[in-house]
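As written, the chains take the letters A, B, C, D and E, and residue 1 is the first residue of each chain.
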Amino acid sequence: MFYYNSKDWLLAIFRIPKADTLRPLIPTLIFIALYSWGIVYLEVNYLKLSENSDARNITIMHTLLGFAISMLLVFRTNTAYDRWWEGRKHWGSLVNNSRNLAIKLQVFLPVEDHGSRTFFKQVIPLYALALRRHLQKDSTMLQLDENPHPELPDFGHKVHVPNKVAESMIFKVHNLYKNKVISGDQLIVLNGEISSFTDICGACERIKNTPIPFSYSAFIKKFIFIYVATLPFGLALSMGYFTIPVTTFIFYVLASLELIAEEIEDPFGTDSNDLPMAKIAENIKGNVGEILG
Amino acid sequence: MFYYNSKDWLLAIFRIPKADTLRPLIPTLIFIALYSWGIVYLEVNYLKLSENSDARNITIMHTLLGFAISMLLVFRTNTAYDRWWEGRKHWGSLVNNSRNLAIKLQVFLPVEDHGSRTFFKQVIPLYALALRRHLQKDSTMLQLDENPHPELPDFGHKVHVPNKVAESMIFKVHNLYKNKVISGDQLIVLNGEISSFTDICGACERIKNTPIPFSYSAFIKKFIFIYVATLPFGLALSMGYFTIPVTTFIFYVLASLELIAEEIEDPFGTDSNDLPMAKIAENIKGNVGEILG
Amino acid sequence: MFYYNSKDWLLAIFRIPKADTLRPLIPTLIFIALYSWGIVYLEVNYLKLSENSDARNITIMHTLLGFAISMLLVFRTNTAYDRWWEGRKHWGSLVNNSRNLAIKLQVFLPVEDHGSRTFFKQVIPLYALALRRHLQKDSTMLQLDENPHPELPDFGHKVHVPNKVAESMIFKVHNLYKNKVISGDQLIVLNGEISSFTDICGACERIKNTPIPFSYSAFIKKFIFIYVATLPFGLALSMGYFTIPVTTFIFYVLASLELIAEEIEDPFGTDSNDLPMAKIAENIKGNVGEILG
Amino acid sequence: MFYYNSKDWLLAIFRIPKADTLRPLIPTLIFIALYSWGIVYLEVNYLKLSENSDARNITIMHTLLGFAISMLLVFRTNTAYDRWWEGRKHWGSLVNNSRNLAIKLQVFLPVEDHGSRTFFKQVIPLYALALRRHLQKDSTMLQLDENPHPELPDFGHKVHVPNKVAESMIFKVHNLYKNKVISGDQLIVLNGEISSFTDICGACERIKNTPIPFSYSAFIKKFIFIYVATLPFGLALSMGYFTIPVTTFIFYVLASLELIAEEIEDPFGTDSNDLPMAKIAENIKGNVGEILG
Amino acid sequence: MFYYNSKDWLLAIFRIPKADTLRPLIPTLIFIALYSWGIVYLEVNYLKLSENSDARNITIMHTLLGFAISMLLVFRTNTAYDRWWEGRKHWGSLVNNSRNLAIKLQVFLPVEDHGSRTFFKQVIPLYALALRRHLQKDSTMLQLDENPHPELPDFGHKVHVPNKVAESMIFKVHNLYKNKVISGDQLIVLNGEISSFTDICGACERIKNTPIPFSYSAFIKKFIFIYVATLPFGLALSMGYFTIPVTTFIFYVLASLELIAEEIEDPFGTDSNDLPMAKIAENIKGNVGEILG
């Protein structure tokens, strides 16, 4: 992720950085332009359809459905944004819980217990790192897929690393309790933070391995495709060669909305818009180190 | 469920897998096409209505209501998606709580207590399996129906299996407490996870046995039906035989949205878009086995 | 409530069960049809307005506002649905908490304590029954009304039955604690379930006694009324006698959305779409009986 | 607040009670009608613009923006409704927590401790009364204003009454704990209810002293103003004198939505649509009295 | 922030205070007006395009997309508002938790322990002040940026002040527990408030350092730019010189929505619409001082 100044309009309008949807669309936009040119040429120059041809009124369909497709795509983008923001919230909670746990342990542990301090100073930030690696693995993404994945040798067999790390923390805390280093009341006070680690992991896995239902996603793409493919038929007779930029621009808008949705609905990848998990893990390391240092 | 690459447009547009809404719609689409053809033939070739006939302006109605129907369907689909996603969240919590419970028990139980470990290693994953079977039974779906169901011999009589499994876990945990294997503080720390099982079960049952209100659902279908059935009357005079693909496509869009909503609003069935409960239960088994192993 | 198969389109489109919005609307629809006929007759046959009359363009207003009214009604319906679904969630929690409480008590109570078991076996399901009766009384609905209600003799005086039942449960549990039948840790573990009963009751009362603000609700009805009443003036000149079915259908759509909203915004009545509270209470009785049996 | 039957359409359409938005709008509606008349007279009778004048097409702008303004206002109203409903929820929680606290105390306190019972019987309902008075004071509303308020002598100086009441309750409970009248487990069980009082107060203060951002609110009003003021210029040439009722009605719809939003976004005032806090406080008094009586 | 009377329409429409979006837009509005004038002059006076030119129908595109852009912007503004309101909620919780903590400590601490009282009287309000300063620093905003920031000398190195303050509070509370000034039950009762401080800090940091995804934000700006830039081409032929105010007004509406969103999506800055954190911190100081005084 890179932080941008949302008030800088010139940059947003004229620069096309790696994170922009325009880039991957360029080849398709050229194709759409050529396709529109073909349709216009066919209707206007070859078939010489009159202005009163029935074909002109095909645009009525695009008006009737223009609303449905816009709405569908805006909702789609918002659902994707909600997933992205939910992912960000979980990583925010990871920061908070790591900090809180560190602060509490710093206070609970006897001043001279350097061993436990060093242990937690290493293990708490380790969780974030392990979670990040876990979420970026293909086997996590395909966890719920019904097909076999022979291409992934570790599919379904490998150890669940974040679980292991969480387990070691819980183990340590409960040992401290058993050895009466921390009291029962303190154990209860620590419970919220400790249980939260696996909760966060599970929630992130859910976002990762469950895209929106296939039938929904496929329908939107089919809808965009047919909508744009039929657009020049109606427009050619009212706009002539203006049809070419118009169709291209309409496709750009519709496809961009879908592309943005696709990109942000999985916030745990390595795209430019994905969450800066490495950076957050680093911050956790800094915070915990400072607290338990 | 099968995991798909949401960035693969060609597959989404041109392949029509089992999970696609296009398949079940094909017969109806053919019927709509024939029906539109009939109307166009009637108006244009048989009655020979002029272009200025009042009938042409019926399209005004479709414009005025086009907005309402699109919006209604997009909201409908989103409500259904929310239910689907809520169901997914509950099964995600089931994973988290199963993991957390296993991790805590692994730490709390004395090293030599193999009996209890084996017990929980079997019973925790069993809950997910029992819940899955419970949610797929007809008697669960019809639990709140006001009509009698003589065709279901076990309707209203059978034992509630997930409850039984939860009960045995709670029973075991509290026995450990009574026998002072785990302390009162530890009991409190375990309480959240243990109570959550029946909460998850209840929430899933709610989604399963309460579809959206009948009057709402029936109204949407009536609306689509009348909207599409009257469409060719107005379009025939402005578009001629183009009315046939246009009406068919508009019906395809409206009906697809409704079909997708119907499919995903009950996420606990056996459709292709339904939640992979078997897979999740398997994962729980794997996780718990690894932790308590 | 009756469970319906949401995939059965024929039933939804052609049958008009008691729960359908079409039934209560029929007289008004006939009136609207007659009214439209009157306007068309007046403009077309009596005044013989030309096609270019200014009146024709009144339809511009309906286009400009068509969007606002559709959106308003769809939002209205969704707000009502949210209330309905919130009500359903609270009754779902009631099921969960009743189950959890029964399971925990079954485990906590000494095997030989048949008295307490019998007590809870009767009182837990009683709460659901009492709550149902409480929510269906007029005095609950009018609890926050600023007007006096001499027609309700018990208004503001009668005992709050669900409170009484909850109180007896809490009383019993705390007595068990005082008599050391259950420990302090167990008391804490039971607290969540026990407190939840009055929370659920309060939340249901809130939904029951607070409809959406009057000015909002009245505005929507006024808007529908004026919108539909002015519709034939503009349409008559472009559609002739087609105005009659068109106006009637547009009114059907708008009024249905409002009617559905009215019906489901109070989910605790006795309409066909209301929550099956009797059935849920029965299920609680079955579950609790099975657990504590 | 007065309870109304949402199914009574005649009342909603034809009666204009104090709570209706129509009343305060009447003078402005008359002004808009006169203004529209002026524009129509100017264009049609004075300037005698032809039907093909460019001015006629100004309506294109109103079509393009009609969507934006409707959507903005519907969202605005919904945001306001959410605040109103959130306020209602907090007062609902106040009822629940007051009840739960009373029930628990009734059980926890020794039978003979009449003093404490009397104390809570008075103080719990007092909180609701104090909160109501606190929320209706101008100094609460202006708490976060950056300007000085010399006209309010108590601004920023006065004692926070609800805080004082909450403090006295917490003080009493903890004294009971210190004097071992209630145990530590019971203290924990009471903590949720007791802490919730200040939480509810804070949440209500937030709704009260933070209207939606000024730039948002001012923009909506400017938008409505310019939209309606330019409307007759375009309509006059297509509708003639029909422009007058049409413009007036469009203004009525847009302004009503904004007015409703303004009225309900602060649910703690004394408007007819505001929350019946006095009534709720009275109910709390009744409930608590019945429980602790 | 300044409190405004949302019912004062004249102020909202005619005054243009610092917080209004109109101010920063004025230069761009002038530019758009000149640009539109240029296009109209070109098409109407220079090229003398006929009314039937294909160019006129470019407006079809603006109609088809007018819906998408309005919807996108309204959703954008609402997402921003949600962030603003979430920020407000967190600062509201800070007020509540500060109050609750102070009230509880006032009760728990022995009457004679002036030292601890003075400590908390200073440190609790200090947290709000430290959090405010922390959120307004550039290094907090850029925390997750992937680029280096040599211009910020303290970037990534400086001590996390709110953490330090929270740590000192937790340290103090647990010391009181260790010294048996407060009991274990009281420690548990204080835990919620104490842990919440870092949670609130983390949530505010999240809002601050994570703007909406760049690709989304950039797309909206590109869309507005192209939409408005192409608008005069189509309008010039139907509206003549009316195109100039119309294009300018449409741009004003679209850009205002985006500007408002930009301004409120980060509620922790120093804009007029940002949260009055200084004021809130002051109120916390007042409340805590009154309680612990």
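Criterion: contacts are C-beta pairs under 8 Å (C-beta built on N, C-alpha and C of every residue); 3 or more make two chains touch, one makes a residue touch a chain.
Keep in mind that this is a model prediction, so the values were computed, not measured.
Participant: What's the rotation, in steps of 5°, that superposes chain B's Cα atoms on chain E?
Facilitator: The best-fit rotation has an angle of 145 degrees.
Participant: Please compute the C-alpha centroid of chain B, do the same for chain D, then give the distance between them in whole Å.
Facilitator: Computed from C-alpha means, the inter-chain centre distance equals 36 Å.
Participant: Measure off the straight-line distance from the CA centroid of chain A to the CA centroid of chain E, and report it in whole Å.
Facilitator: Roughly 22 Å, centre to centre.
Participant: Quick one: which residues in chain D touch 2 or more of the other chains?
Facilitator: Expected reply: 63, 67, 71, 184-185, 188.
Participant: Think of each chain as a node with edges to the chains it touches; is that a line, ring, star, complete or other?
Facilitator: Topology of the interface graph: a ring, with each chain touching two neighbours.
Participant: So in the complex, which bits of chain C are touching chain D?
Facilitator: The contact residues of chain C facing chain D are 54-55, 57-58, 60-61, 63-65, 67-68, 71-72, 75, 79, 141-147, 156, 159-160, 163, 166-167, 170-171, 174-175, 177, 184-185, 187-188, 191, 195, 198-199, 201-203, 205-206, 209-219, 221-223, 225-226, 230, 262, 265.
Participant: Which bits of chain A are touching chain E when the two form their complex?
Facilitator: For this pair, the touching residues of chain A are 1-4, 6-7, 9, 12-13, 17, 19-22, 59, 62-63, 66-67, 70-71, 73-74, 77-78, 81, 84, 88-89, 92-93, 95-96, 99-100, 103-104, 106-108, 183-186, 188-189, 192-193, 235, 238-242, 246, 249-250, 253-254, 256-257, 259-260, 263-264, 272-273, 276, 279-280, 283, 286-287, 290-291.
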